[in-house]
Amino acid sequence: MIEKIVIANRGEIALRILRACRDLGIATVALHSEIDSEAKYVKLADESVCIGPAPAALSYLNIPAVIAAAEVTNASAIHPGYGFLAENAAFAEQVVQSGFVFIGPTPASIRTMGNKIEAIRTMEKAGLRCVPGSGGPLGDDLDEIRLQAEQIGYPILIKAAAGGGGKGLRLVQDESELENALALSQGESSLGFGDSTLYMEKFLNNPRHIEIQVLCDNFGNAVYLGDRDCSIQRRRQKLIEEAPAFGIPDHQRRELGERCVEACTEIGYLGAGTFEFLYDGQQFFFIEMNTRVQVEHTVTEYVTGIDIVKEQIRIAASQPLTITQDEVSITGHSIECRINAEHPSTLMPSPGVIHHYHPPGGPGVRIDSHIYTDYEITTHYDSLIAKVITYGSDRDEALARMQGALAELVIEGVDTTTALHQKILAKKKFRRGVVDINFLERSLGH
Amino acid sequence: MIEKIVIANRGEIALRILRACRDLGIATVALHSEIDSEAKYVKLADESVCIGPAPAALSYLNIPAVIAAAEVTNASAIHPGYGFLAENAAFAEQVVQSGFVFIGPTPASIRTMGNKIEAIRTMEKAGLRCVPGSGGPLGDDLDEIRLQAEQIGYPILIKAAAGGGGKGLRLVQDESELENALALSQGESSLGFGDSTLYMEKFLNNPRHIEIQVLCDNFGNAVYLGDRDCSIQRRRQKLIEEAPAFGIPDHQRRELGERCVEACTEIGYLGAGTFEFLYDGQQFFFIEMNTRVQVEHTVTEYVTGIDIVKEQIRIAASQPLTITQDEVSITGHSIECRINAEHPSTLMPSPGVIHHYHPPGGPGVRIDSHIYTDYEITTHYDSLIAKVITYGSDRDEALARMQGALAELVIEGVDTTTALHQKILAKKKFRRGVVDINFLERSLGH
Amino acid sequence: MDLRKVRKLIEIFNASNLSELEIHEGEDSIRLNRTLTVVADQTTVQSAAHLPSDVSQTLKDIDIDDDPADDDGTFAVLSPMVGTFFAAAAPTDDPFVKVGDEVSPGQPLCLIEAMKIFNQIEAERSGTVLKVLKQNGDPVEYGEPLVILSE
Amino acid sequence: MDLRKVRKLIEIFNASNLSELEIHEGEDSIRLNRTLTVVADQTTVQSAAHLPSDVSQTLKDIDIDDDPADDDGTFAVLSPMVGTFFAAAAPTDDPFVKVGDEVSPGQPLCLIEAMKIFNQIEAERSGTVLKVLKQNGDPVEYGEPLVILSE
């Protein structure tokens, strides 16, 4: 069994991992940068190691420092959380080579899913429908690309294989825009990722973002824990997530889940993972797989009663899954609002000292947050400061509790997105569940 | 439907009722004494009315003030919470006579259950087993009482019919102690309650305290929401409560629940209520019924997913129960620790200003508390300042999360019982579930 | 303006040994000032709350008005209960009192109805009615001012 | 306006021996003033809550030494990485330095092993070794002092 885990992350997810370890009776080592040394979650850990100065490149992204910290503390495993090194195949490889357990999938899985073209090919082979597209890297022959685009049908999206965060992404309405778009995307991609490989996909009009959570162990067992809707996004950043995805017929959810489980078995996937899809109201189109725990795992935990982070650790410790697919049942509804330290309308980051923090409580309210009164939010890391998660026997109850919880939440000293969430929650279309990935920008008039 | 509810209580239960009303879209009127006027939950209410100075007798127990407040705010119903006027039949009567809905059972039910002898007689008639005893008030004839005591079998307990809080209660080991004990109890009872009526019961050796939660509507529907164990008590005050009561065979729980439901139907009970039993490892003995929401309703909410306070309100609004007995399912395990502002070993009240409050969070943690940083705890009211409630897929997980939550809880400025709870949670016998109502005092060496 | 905050601020100011406090916040500002009376020659001036014991000058020489009596010669009659305000015994009657009336102790000023019972509120001392703060049918809380009298 | 902040600020102000404090932050500002009534000659002025009782000069005469430079002529060599400390290149070797050694810039002081790689830690300036804080095999964090040198 794993006896001591190094938490190679910070903020709310570091605290989340710490809580799971504590429940399992596993000792924790909190890694932290100089600026995070006074954080409460660092003090809650059994041990802590300062791994570098505030800039993430010198601390949380510093692979030798992370592995050395595991060595000097005699830890047995490393949990990467999300972001930072979580989807870095080279890191996973070095963790394993240094004799530690990497809490996540194999380096090969991470590498495959990190390359979007590879991921799509793998999943197509495993039987998942993908967005119609070039099915591989675009060549140099413009005429051939033109022909492919015509076959797919305009409008199309040009994407970077190494992409992420919208870089290299470009919408092409018709053939006249194609050549110029290709050149621009290529430039951005080679500048941003050092890799100019592009591919094409059909552009879907206002689809929903639906995802399937899976867990796979070392013994060939795999289960899916239902789905989530994460359509409320701004600038490709999820703001509100829900489980289950409302309005999806049960048989469709089951079918999709089963296909994901099959794909996992096919590719020998290990640990927790998420299959992301676009849903046009009829069909699901695979877009990518996240090979780590996600920010929004909480809503799935609420409706299934399964502790996903604990399961990750158990799987990494080579224990078989404790649940079979039959035992996974979805009860009620859960919603998560990501509270960021940002101005609610401009979304400009708002660093500063929180001089009063008071989280909401009561039935059906869960708070995952690393902040506290007098905590200082710096500009070094991302702006997620609290996840407010509510549960209800149905979506209406979960929504009502979320509105109540946001009304009770007190975070003074910095701007937060709370008011934006309240605005979204008050929208009739949102309450009726008529959402898609462009809902927020459209309804805010952008 | 009820449009506006007067919350005739304070502290955490006032906030709990407010949250339920808010979720249901019902306006709230927070009643408060002068000293509670700045409390956060008062500010959260749609309206608030100051009903008197700090002493409860002049404010929270002031019936004309409460009813007048309902009148001036045009409210439709009054929720009494627990304590204060919650089990005062005269109050319930006046509420109804003044044209308001009393959120609770009928005045007649409250009156019957308020008199312990009456309650026992009623429940015996309704088919519940009670602790063997005098079956009615003791007469003046000492010889007859001696005979009765012999028939019941020593040791016996002498109790006051109007009793509560241990007043008038006396353990008699054998006949030689009987006469003196009767005299002492009679004196205490007449002094404490203005009623010297006594009765006798067999004394059970280290039983567990088990209770059944029920909900009954106006249409003859009644359900039980499983059981709770509340054996961890000190000076007759519950400190830790759990649902379900571990180690009780399912068929016994079902049988007991069904009998409670039958009794409810028999007596025409309305609303939420709790049947309290002593359990000697074999049989359940009815001791009393609480005709209100209880502090520990939270653990039942966690394992059933049913919002008991909302149900109380719906029932009072003459709506039929939304759930049938078949739909009530118990999933997982829940524990509540009552955090009091008291010294953890002497249990002396500890008033003062809370200069830092930081509640725990994460999966399976619910906090019900009205306190906040800079909140002042006065000596006027009871010392319950926070309920920490955890949930797990089994008792072990719920226990682990409780230990984690208590380790994260920060309440600075006053003494709290947190350390006492941590001590209990660490005890092996408690973890194995080997508890009874004397467990705590025994294990603390009292 | 949040009067409670202002009151709180004055409390804090009073408890301090400041002579001036000025706060600007956005477009709002507040300035508190406490003039320390100048003392005669050859003396020691001290102003703090927690003076060392061997101070050669006593506090009473310093004219700090810590708790300025709101002594403008008026006082408020507060409601002793929650209820509904009535200025007269019956809708068609004249009000018990109106502005300018002289009242003597025990004289009825208004009624507070609670639970269908009309409770007569009487003057505790004599004075002149400066203001009647409530109108017929107004809800009143415990401790709320009803009538302002001047001595 | 955060009253707690104001209160805290007054506390800090009181504990100081300032007579005025003014802070501007964006559009907000706060000014605290403690006018020490100026008294005639030959007097003592005191204003603070915690002034020592034997103070016999005016405020401006008081020497404020808020942050005494920790300048005792020593400096610490900090670990530039997480790893394991080694005082010598091999178990049987002598340590790179011992207490009392004179070191010059670039001279190796110790090794920090991280991921099987031994990183040599060198002196940045010259000095005398006052203390070696770690022993062979000790884990060290980023930024932890390893060796104390005196100039």
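The chains carry the letters A, B, C and D, assigned in the order they are written, with residues numbered from 1 in each.
Methods note: a residue touches a chain if its C-beta (ideal position, glycine included) is under 8 Å from a C-beta of that chain, and two chains touch if they have at least 3 such contacts.
Just so you know, these numbers come straight off a predicted model, no measurement behind them.
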Set of chains whose contacts include both chain D and chain A: none
Chain C-chain D separation of Cα centroids, rounded to whole Å: 51
Between chain C and chain A, distance of the C-alpha-averaged centres to the nearest whole Å: 58
Chain centre separation (chain A, chain B; CA means) in Å: 43
Contact graph of the chains (line, ring, star, complete, other): ring
Touching pairs - complete list by chain label: A-B, A-D, B-C, C-D
Contact set on chain A toward chain D in their complex: 34, 49-53, 59, 64-65, 67-69, 71-73, 94, 98, 355-356, 412
Chain C residues touching chain B - in the complex, by the definition given at the top: 4, 81-84, 113-117, 139-144
Residue numbers on chain A that touch chain B, as the complex places them: 15-16, 19, 22-25, 40, 44, 298, 301, 305-307, 331-332, 356-359, 361-369, 372-373, 393, 397, 400-401, 403-404, 407-408, 410
Footprint of chain C on chain D - complex, ascending: 1, 3, 6-7, 10, 13-14, 27-37, 39-51, 53
Interfacial residue positions of chain C with respect to chain D in the complex: 5, 8-9, 12-13, 16-28, 36-50, 52, 54-55
